[in-house]
Structure formats: C-alpha cells, structure tokens
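Take a look at the structures listed below.
Next, two complexes with chain A in common: one pairs it with chain B, the other with chain C.
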Partner chain A sequence: MNELSNRSRDIGEFIPQPDDDMIVCRCEEVTKGEIRKAVHEGLWTIAEIRRYLRCGMGLCQGQTCAKLVKGIVARELKVSPALLEPATSRSPMRPVEMHVFAKETEDTDL
Partner chain B sequence: MMTADVIVIGAGIIGSASAYYLAKKGLKVIVLEKSDIIGNGGSSRNGGGVRQSGRDPREIPIAMYGIKNLWPHLSEELGYDVEYHQDGNLRLGKTPKHLETLKKLADKASAVGLDVRMIDADEVKEINPYLSDEVIGASWCPTDGHANPLKATLAYYMAARKLGVTFITGQDVTEIKKIRGKARAVVTQDDVYEGDSIVLAAGFASRKIAGTIGIDIPMISKLIECLVTEAEPPMFNQMLGTAEADFYGHQTNHGSFVFGGSTGFEMYKKDNGTPVNYSDTVPCICRGIIRYVPQLRDAKIVRSWAGWSDNMSDGVPIIDKVDEVPGLILACGFTGHGFGIAPGVGTVISQLVTDEDPVCDISGLRYDRFYAKDVAAGKAV
Partner chain C sequence: MKIERFDLIVVGAGPSGLSAAIEAAKHGMKVVVFDENARPGGQLFKQIHKFFGSKEHKAKIRGFHIGEQLLKEADDAGVKVELNATVAGLYQDREVVVRMGDEVHHFKGDAIIIATGAAENMVLFDGWTLPGVMGAGAAQTLMNLYGVKPGERILMLGSGNVGLVVSYQLLQAGCQVVALVDAAPKIGGYGVHAAKVARTGVPFYLSHTIKKAEGTDHVTGVTIAEVDNHFQFIPGTDKHFDVDTICVAVGLSPMSQLLKMAGCKMEDNPKRGGQVPIIGEYGETSVPGIFSAGDVSGIEEASSAMIEGRMSGAVAAEYLGYITKEEKEEILAKLKASLGSLREGMFAPKNRGKDIKETEEGIPISTNLLHKGYVLDSEIERFPGVTHKKGVHPVIECTQNIPCNPCQDACTRHCIKIGSHITALPAVDETADCINCGMCVASCPGQAIFLVNEDAGDRKAEITLPYEFLPLPETGMKGTALGRDGQPLCDAEVTRVRSSKAFDGTNLLTISVPAEFAMKARFFKAAAQA
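This part shows the complex of A and B:
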C-alpha cells in the first residue's frame, strides 16, 4: 500500500492555473490543464493518463514529454515523482512502414 | 479491515462496469486490483471490437443486449467519450473455402436472431473500397462496431469512482475465505476485505483465486499482440476480420489503425511476468493487412503491444453464481472477446448480486457446464 493505492484518498479540488492551456505533449497536443483535470477524475498513474489523454502516444512516443507529465501528475497528487512508474516503452523505437516490417522473411512478395 | 456490500476482485472493464452498475443500485462497493494500474490487463489490450457476429451462440444474447441497449448511449451515461462506432463488421474471404467457414458462422448467429448475412465482392467493395480485389465475399453484420477499450475501461472506473466506489490498487488477492458457510472475506497481502457478495473478475488470475475456495475454472492464458499505426486520413469505420484470422482491427477516431493478429504460437508463449511482443508477430500481422488492404503498406507503425487473454476450454466465459460457495459470483474466462460484452456483463452481474432475473439469457455461461468429452457427447453409461 502506498499513497496511490486508495483511489478515494482526498487530493483536494481542481483549482485552475493561469498556464493550464500550455501544451505539454506536442505530438498529441495535450495541455497541462487536461492532465491536471484527469488526475482529479481519478487517473493517478502515467499509464492511465496516457491511455485516456494520449499524451506520449504520438510520433515521439513520449520521449519529449514523459518527464514533464510525471512532474505535473506528482505535484497534483502531492507525492514524489519517484513513486510514479514511467509508461512502458514500446517497439519499434522509430516509426517503421508496414511493408518494411512485413519483410521478416526473404521470400515475401509484399 | 474494510467492509462493503460487494467486494469486486479485478479493476478491468468487467470489474469496473460491475462496480458501476452495483453503485447505481445504491450498494457500497470496494474494487481490489492487483496491478498499480486500473485496467492494465486484457481490458486495455484488445482490438476494441463491439461485435455480435463471430461469437458462440451462447454469448450472443448478452452481446445483442449490450449493443441494442447500452453501447449507443454509453458515452452520455458515463460522462466520458468511449468512441463507440456502429458501422458494421466485415469478415473477409478470398477463397470458396473461406466463404464456407464464414457462412457456417453466419448461419449459427442468424439462428439466434442476429442480422448477419453473406455478401458478394461488389457489395464488399461498396462498403469498403480500400479492400483488395482478391476478396470474393464476406459476412456482414451491420449492427456490429467498435469502441476505444482504453477509454471505455477508464470511463467505467471514473464513473464508478464518482458514484462512491472505493478502488484500491496494488492489492494481490491471496485467498477468498468462507465465514459461516458463505464466501465473505477477501484476503490480500495487506489487508482483509469483507462483503456480502464477492465478484471475481480477475481475468486469468481468477483461476488461482477461485482455487483457494475449491473451485477450478478450466482456462489457460493466451498472448494477444497488436500494432498501432500513425494517424492516417479517415478511410473506413467498419471493424475488419478475415476467415483465416490473418488480422483484425479498425481505424480509431484519432486516425491510427489498431490491428491484431496471430502466428499460431499464441498458446505457447512465455510469461516472464510482463506481456512482451514476439519479433515474428507484428511482421505476420503486417503481411495479413497488406494482402487485404494494400494501400496501408506505407502506413508507419508507431508501437506494438501485447497482453494475456483468459481462454476458457470451450471459448465462452463463466457469468454465474456458484452454488457450492454462496456469495461468490464468477465473471471470467472471456477468451479474448470480453470487451464488447462488458457493459452487458456489468449489468447482469449487478442483477445476480441483487437476486434479480438477468436482463438476457446467460444460461449457457454457467460454471458447472464442463464435462468429460464422453459425458458431453451423451455416451457415458
């Protein structure tokens, strides 16, 4: 059990901030305010935030915004960022065309 | 120790939806989740199909109920967009043998009242002009569709939480215990939770947990692997599948395509605690896709993912009360096609808890339907 286990723990009200419209995830255009709001809706892990808002799911797969998102979520939950697991890195490292991926074997006609 | 009217084990879409409908009835619910993440199992790792076609007739009634009564207004009901589309399911064939397979499936589904029919190449092209000329026909179910499993799962969680359901993550259930002849206590590594009813919706982990109270569920885990492309211009909204199961999938609201598929080794993959992609699966899915939707050959894949499905020995889940263990309700073994029926399952589970008659026929999904093959065939003396 830690501070993130009981999802009914009171983390206070969502209070708007002047820079809430700042874009944090550039690939998917997700703002700081959207991330903060999602935390207050109950999404307390990076994986949940990513699945709901798509931040970190764009072309760079979160290589730019992952740390920023973690900081915002941790502040909102009033916990150490170290408590938040990063989202899973997924292959391929860079976008790859389907017909390139398909050529796993030599004799394919694709 | 915490107590509630109902303890739900598993915060996937089945557990979260059950919790939501139970809370709507005014019951106090605690949901226990082994992972630190809500919906981290099969609920977030599936193709998003909301279909009736291609299913075993035993689970068609609950699929039809949800598609008629729950999915169309689910986003409004929960207050979050679940990206539901009802634009039909095409299951494609390239050979007469494929069409035979598809027709058999379609006939079985028609027999229980589903509108699914065989269509020819021209009609297929009319519905989806992007398909290869090699497609000679398909089965077509116009009322099927798809939704976003990531969002739908979290939507049920967030809506249930708003109704006062307590979700506790990182709780690995080690045992269910009887108290005065009734299943009542759920023991985790940290605590004991007590409830008048216990709903077991923990995917494949349900087998081990049910085993602690003497019930065995004949299921195994199977690896599911998918790929996701970058956003493409809008092409089509149907859910696609093939007779040969080369691939399945759809285009999302975001524009990316999500496609799953198989290599034939799904039952024999390693489990090192984390589902990982095998190097041969995504290439195999790509080949399947390109052979049916040639235009996608240049689409870029941005990621791939894997997950475990809980496969029942006869391919349909258990949704039932256990007679020998009063208080215990099972909702597991969805065999890779639980997402689309989750709203219906949540509704029915809430009715089983409150002793109401289920809104649809679930008599084929009982826990005690498993017999040795000779008995099942009526040959035992």
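This part shows the complex of A and C:
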C-alpha cells in the first residue's frame, strides 16, 4: 500500500497555472494543463493518462515526453516520480506502417 | 512464417553491442547485430574528440576511430552486422521481430544482448517546441554526420560532459556559443572539458535556466534567469541573448523498452538514468538468456560500455556452452579490474551527487572551475602538474581526479607521472628533461597540457598550446593571447605551428608573449583580417 493505491486520498483542487497551455507531448499535442486536469479527474497512473489523452502514443512513442509527463503527474500527486509505473512497452517499439505488417500474410508457409 | 536462428542476437551496434558481439563470436558463436541506424557505432560515430581512459580503454583515440576499430574487429570475428534494421519487438522466448526495409523479419536467438543505448532528455520552457530548439545530440548529428551547421548563434543548456563537448564542437564548426547555462550550482562535466570551452571566451551561467525561447516560427532569442536552491526563478535576474538555436543537453534516459517488453524485471533508478533492467554483475537480466550492456542499463561512458559488452558476451558464451565456467571466470576477472579502474575518481557513479571539496591528494578543488569553467591564476599553482624550471617544460592544468592517463604514456622522458592509480592527478617531475616533442600536448584528451618556456629571451615567454580550429594560424601571424577566462591579455605572435600524423589532428601552436604572461596566456585569437 503506498500513496498511489489509496485513490480516495485528497490531492486538492485543480488550480490553473499560467503555463497550462504549454505543449508537453508534441506528437499528440497534449498540454500541461490537460495532463494536470486529468490527474484531478482521477487518472493516477501513466497508463490511464496515456489512454485518456494519447500522450506518448504518437510518432516518437513517448521518447521525448514520457519523463516529462511522469514528472508532471508525480508533482500533481505529490509523490516521487520513481513511484509511478511507466507505461507498458508494446511491440512495435518504433512505428511500423500497416502495409509492412500486412506483407506477413503473403507468406505461404504460414 | 520464416524464423532464422542465431546463437546470439545483439540489438544495437554501439560500443557495447559491438564489443559483446566480438567477444561471443571469438568463442565460435554465430552472432548477428541489428541496428536501426544506417551507420554502425552508435554514439561513437558522432564523437570527433579524443577519449579519456588508459590504453586498454582506447584512450586518446577519437571516438569515431574507436567505432571503426570495433567494426573491423567484428568483421574479422565473423559477426554479421545488419544496418537499417529496427528491432520492433522482443518476446520472452527470445523471439526478435525486426523491420528491415519494407518487411518484417523474425529471428530467434539462444541468447539475446540488448545494447540499445539511451535517448536525450528534454526540459519544458515557454517556446520549447519552436524550431531551433534541439537536443545537443541532434546538433552533433547535423554537424558531424551531415556537415550542416545547426545555427549561427547558439545557447547551450547543460554543463555535463555532453553539453561541454558539444559546445566545443559547435565552436569548431564555426558557430558562436553565446552562453553555457545550467540550473545546477556546479558544472557537471569534467573540468578540463569546461576549461577548453571557457578559454575561448564562452561565458558560463550556473544556477541559471531558460525562462523563455522567443520567436514566432523559429527561435530568435532566449531569456535566462537565475534560480534559487529550489530551482525557482529569482526576480530581476533576467538576461537576454539573441540566438537562432538553443541546444539542450540535460541528460540521457536508457532506451530500455525492449527489455521491459520481454518481461525483464525493471526498476526506476535515478543514479543509472531512469528505467533500467535489474541486472547481475555481468548484465544478466531476470529472464534467462537475455542480457543487457552499455547505456541501456545505466548511463555511463563508451569506455565502460565496451567492457560491459565484452562481459555480457563472455557470459552468453558460457550460458550456451561455448566456453567453460573457468574460461569465463578468467575473462571476467580481467575485465572487472579494467572496469573498476574506470569507475574511480570524483566523477565515478558512486560519487554522483556528492559534494567533493578536495582531490584524492588532499588539494582543494578550484571552486572557480566549478562555477565559471576555469581555474584562477591564483589557484593554478597548487596543482602538481604546474611547476617552474628553466627552458621548455610541461604545465599540466588537469586538476580533478578523472580516469585518464595518456599523458604519462606519451612522455618517453618520464616528465609526467600519474602512477598506477589512473585517477591520480598528473604530476610533473622537474628532474626529468623535457625535449619539447609535443606528444603530451597532442595526446591529452582534455587539452590541458601546455609547454612553457618562461624565459625565451628578449623578455618574452613562449607557450605551446593544443589547437583544433580552422583556419590554422601560420607562423608570424599576429593576434591576441587569451587567459584561462577567455579574456584578452596581451599581443601574441605565432612562432611555430606543428602538425603531424602522430598528433592525430591536434595542431601545436607556439605563441610568443611578454614574459609576465607565461603562466596566464592559454589561447590564441588571430587578429581580424584587414
């Protein structure tokens, strides 16, 4: 049991900040304010935030923003970033076009 | 579906991956290395500077040459290196999915070594998404691989070795570096790297960070401000610079996703740079047959990455029965000693975050070096590399305990002593006679060695300094001597220019200055052409 598993813990109100419109995830154009708001709406894990806002799901697969998003969520939850489980790593690790994958079915000995 | 089998599959052809492949192939294993880049060598191919370490770590060799050496060794050992091959997936049963061209291929390795390195971190500030803001590594790729200047006027954020080395390379490419900025109160990288940037006149702003990048469709300026102990901006400390480029060098994060995907146990370890696999001493992950080596399991250096690679290669060879346990132990013992020597000194992983005030020899560290990037005239005399004597003698301005000793090996006259402990400060032996051969100056990766003749006659002193800029000044050329702080000191004239294959690209410039500047003048700036 840690500060993250008790979802009824009071993390306070969402208070707007002057830099809320700053883009954090460039690929999916997600702002700092959107991420902070999501935490106050009850999305406390990186996986949840990712599914909700799509940050880290674009072309670079979170290479640039993963650490930044983690920092913002951790600050909002008032926990150490190390406590937050990073998003699940899934194949493909780099974006692969559908037509490339689709070629696999052309194999005869499948 | 076709699956090709290998004894060992290595992901990443950087120093660690290539070293792992070489070690394994030497023991008869069938090895393939995949790398998504068009060129092998990982980070090494962008590194045009000479490396630290000792001979066994390939010290004083330029990074890209180390890459070429490794590639040749891999080739000779029969390793297959597949480029433009992106590994998209790794599964627990050691199946590897690779995208090559417009196709996806499947491979199976009896052992897998992940050596995928690391990616650059970013920081958030107003305007960080503007074109012109880029990672220092990206700037390096532009200039060193593609021959493109990243910009004309550049501000560098980050004073670790990457920020310092890339700043120097930007200067070499002919860019202007207007400021080197870091939020930390102290310079993070090696003092010798900082000093070679500072002496060209680049100002350092520690305890400062970027407030705002200005511009509408690209960077046209930047505002920095001082921060307090809690990294909050101090009002009234804003400083503005006109720049077209902002380089960010704020650390690297391991690219460990493949290991996580394969089910290896992971941890968040800030000392190792972020998400890393939990590994044994030689890179064994929690999944049998899957190993990791190099920056992906903890941000370090190319020199340590090569040793870690060899270790995991040897462990994989024993895992598959290509060598006996005894043979493995013998290989590992040697590598362990070599790795240990690299992990000593004040920049060692175990000392990260510690406030070190004295060298191992008990000499107070220059605080000015940590804050401004150069040792003060009043501080330099206390270091053992700085001595005085009649005639030409070496002056070594290397004042921190770093794992490096090529200067000692370079001097056949035994003027320079480090001893067997490679992090010890280099000391000059005044009883040995210097023959002014210049080998020490050229072999020092920190460009910290000068040959000084304090009395060259006619109340002049002569100083020989390492010079790696173009155009190369010619004998007789007049200009200005700069101090360690990069500020103009006095008139100077070039009296000799030496270039030689043995100097490997480092030119030796000898300048004549008034005798009172013998221990102060450390850089030469040619007079503007009329």
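The rule we apply is simple: the second predicted complex is superposed on the first by the 104 of 110 C-alpha atoms of A that agree within 3 Å, B and C clash if a C-alpha of one lies under 4 Å from a C-alpha of the other, contacts with A are read in each partner's own complex, and residues count from 1 in each chain.
The rule is short, and it goes like this: a contact is a pair of C-beta atoms (placed from the backbone, for glycine too) under 8 Å apart; a residue touches a chain by one contact, two chains touch by 3 or more.
Computed from a predicted model, the values in this text were never measured in an experiment.
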Clash or fit (per the criteria above) of chain B with chain C on chain A: fit
Which superposed partner A:R54 touches (first chain B, second chain C, both, neither): first
Contacts of A:E104 with chain B and chain C, given as first, second, both or neither: both
Vertex chain A, arms to chain B and chain C (CA centres, degrees, nearest 10): 140
Which superposed partner A:R90 touches (first chain B, second chain C, both, neither): both
Chain B versus chain C as contact partner of A:I23, first or second or both or neither: second
Shortest CA-CA distance in Å separating chain B from chain C in the superposed model: 7
Overlap of chain C and chain B interfaces on chain A (superposed complexes): 61, 88, 90-92, 96, 99, 101, 103-104, 110
Residues of chain B defined as touching chain A within the complex: 36-40, 44, 150-151, 154, 157-158, 161, 166-171, 190-191, 229-230, 254, 277, 279-280, 282-284, 286-287, 289-291, 296-305
Residues of chain A defined as touching chain C within the complex: 19, 22-24, 26, 32, 61, 63-68, 81-82, 86, 88-94, 96, 99-101, 103-104, 107, 109-110
Complex interface listing, chain A residues touching chain B: 1-2, 4-8, 41-43, 45, 47-48, 51-52, 54, 57-59, 61, 85, 88, 90-92, 95-99, 101-105, 108, 110
Touch list for chain C against partner chain A, complex: 1-2, 36, 86-91, 97, 99, 102-104, 119, 121-124, 126, 128-129, 253, 255, 257-258, 260-261, 268, 270, 274-275
